[in-house]
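Below you'll find a set of structures to go through.
Each of the next two complexes has chain A plus one other chain: chain B in the first, chain C in the second.
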Partner chain A sequence: MRLTVNGELREVPARTVLDLLQELGLEPKRTVVEKNAVIVDRAAYRDTTLAEGDVLELVGIVGGG
Partner chain B sequence: MNQGNQVSESPQKLISQINNLTTDDPLVIAGRAFRSRFMVGTGKFPSAEALRAALAASGAEIVTVALRRVDLAKPQTDSIMSVLDPGRHLILPNTSGARTAEEAVRLARMARAMGLMPWVKLELTPEPKYLLPDPVETLRAAEMLIKEGFVVLPYIQADPVLAKRLEELGTATVMPLGAPIGSNRGVRTRDMIRIIIEQSKVPVVVDAGLGAPSHAAEAMEMGADAVLVNTALADAADHGGMAQAFAMAVIAGRLAYRAGLGPVREEAAASSPLTGFLE
Partner chain C sequence: MEVPPQGELLVNATLSDEERRRYSRNLLLPEIGEAGQARLRSGRVVVVGAGGLGSAVLYYLAAAGVGHIGIVDSDAVELSNLQRQILHRVADLGRPKVDSARDAITSLNPHCRVETFAVRLAAADIGAILKECHAVLDASDNFQTRFLVADYCWQAKIPLVSAAVAEFSGQLFVVDPAQGSPCYRCLLPEPPKERELGILGAVAGVMGCLQAIETLKLLLGLASDLVHRLLTFDALACRFHKMARSRAADCPLCGDNPIIGRQAALT
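So, the complex of A and B:
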């Protein structure tokens, strides 16, 4: 399935948001996910399915002032 | 670093003792009391160790972070969250990187979705050279965020009229700048900050540009309720040592403000009797 992840087009086997995070080596607890500009509830990562063409933003906390 | 320095050996204990000097004088923001009036930003530290040393020595209870796209090439090594202690630190996400009110709201919602408290340091600095905050977008974003239930701490130009407007909207603090972010120039906006402090009913946090402990002490002597420092700590050779120096300056400034500074005079006012010594 082809998705846009953080601005890059990617071919991934993932079926759900949780799959995608695991494939990318990201910790679900430390990652906020926006799917098609809507924030996905962290408790729903496992049940949120992905579809061809979805646009995902994966955001984390970094140092800042 | 600086292991021969006795004062640095247990900075946490020392700053805790010093913070006890002002336990009767907590900083209260949105109904929540803090012992420390020194807020610390976590950007630009060379390592997690450097940040850990600065945080421990600072005694800070409010610590800012930013949100960014995850770098998929090198995901989450040395995450900043492993350094922060949610039991001790109120993790205050900023909205840096936002250029419009809508983008700031989007960032604040993401931070909340991360499980952080719904507090946000509203920072809208679209222009990259001086990173000065956009007052129009800041006011708009503050209104939107307050409606969504966020506790809003806005970073602003030292503009007393804007500070008043934000307070009337319901922001939890105002955070006027001393000088541009990262410039280490000190309290260059002194006259306007004085007016903001005089008129403000919410805590005034002097944020940005404080490059030396004396700058922090100056802001606190003027009656600022707190200061926020990042670059001066991240730039130091000894991060813990500098954090400790700032923490002591913040408390010294606060104690001086409470004790009441003497008036500034044009002419001398003798501190010894003016009579000749054998009269």
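So, the complex of A and C:
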């Protein structure tokens, strides 16, 4: 399915937010997810399904200074 | 929106002729003017970290006329710092960063009163160091400090302007309990494993400059979108994005069943 991830169009097999994070090698615990301009509850990554055309922002929280 | 309250910052104090010349480009901004400049002069902020972020934010806060700046950093200047930490010079190698930072900003603006704390922040002393300030700026380089600072500021109701960088990424947000902000732990509930990553120096510069802007807005009482949003910067894509933050029901600090006690964070 085609998604926009961090501003880039991508074709991915993922069906849920958790699948997508795993596909992209991102740690769910340190990644904040926004789907179609709404932040996704951390506890709901596994149950949040993706649909063609969804716009996602995935932000790995960093701590450097 | 008045953050911090007018009562805490003297707005009637007049500026000297030298200050009028020094800050003439600030005074031309209707959002600042003489009253705003006097507010900045009576503002007190503490910057945690005099590294890459601190190097940009300290210069711009001092130059803009913030009157009282605390600097916290336990490190000494090393050669590998100079790739991005432009507060420090070759002649400063081996000196405490707080001393080098103080010299750099007071030579730019001698009106600025600087207090230095050459310590790694710990629960025992954080209250004494972050006392009576209008804003705390997190420019630190590790999650342990970030969580300590964020928890303390939340409990003590001090506005926090938090910037962070790694590799080509930067993040910035403001937590102001008085404006109903979600806390840091709503974004990241527990400290993740520390990783040593590279950083392009100018990325820290970009984020430190944005952190200075948000701090000046807070001191001036100007509204900020970042009290409810997270700003992200991707230098490789040259892309900024703002996403709404929301309070997490399962947040260990401000959620429905907080597990971090008020006592623990304040002592």
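Assume the second predicted complex is superposed on the first by the 62 of 65 C-alpha atoms of A that agree within 3 Å, B and C clash if a C-alpha of one lies under 4 Å from a C-alpha of the other, contacts with A are read in each partner's own complex, and residues count from 1 in each chain.
Note that in this section a residue touches a chain if its C-beta (ideal position, glycine included) is under 8 Å from a C-beta of that chain, and two chains touch if they have at least 3 such contacts.
Note that this is a predicted model, so its numbers are computed, not measured.
Look at chain A after the overlay: chain B and chain C clash there. In the superposition on chain A, contact is made by A:L24 with chain B only, not with chain C.
In the superposition on chain A, contact of A:V5 is made with chain B only, not with chain C.
Of the two partner chains, chain C is the only one that A:V38 touches; chain B does not reach it.
Using the contact criterion defined above for the overlaid structures, shared-chain residue A:D47 touches neither chain B nor chain C, since it reaches no partner.
Of the two partner chains, both chain B and chain C are touched by A:G64. Once the two complexes are overlaid on chain A, the chain A residues touched by chain B in the first and by chain C in the second are 6-8, 27, 29-30, 32, 34, 39, 41-42, 57, 59-65. Residues of chain B touching chain A in their complex: 41-45, 51, 64-70, 72, 75-76, 79-81, 91, 93-94, 96, 109-111, 113-115, 181-182, 208, 228, 230-231. Residue ranges on chain C touching chain A, taken from their complex, read 49, 51-54, 138-143, 146, 163-167, 169-171, 187-190, 192, 194, 197, 199, 204, 230, 232, 234, 237, 239, 241, 243-246, 248-250. Put simply, chain A touches chain C in their complex at residues 6-8, 27, 29-30, 32, 34, 37-39, 41-43, 57, 59-65. Those residues of chain A that touch chain B in the complex are listed here as 5-8, 24-27, 29-32, 34, 39, 41-42, 57-65.
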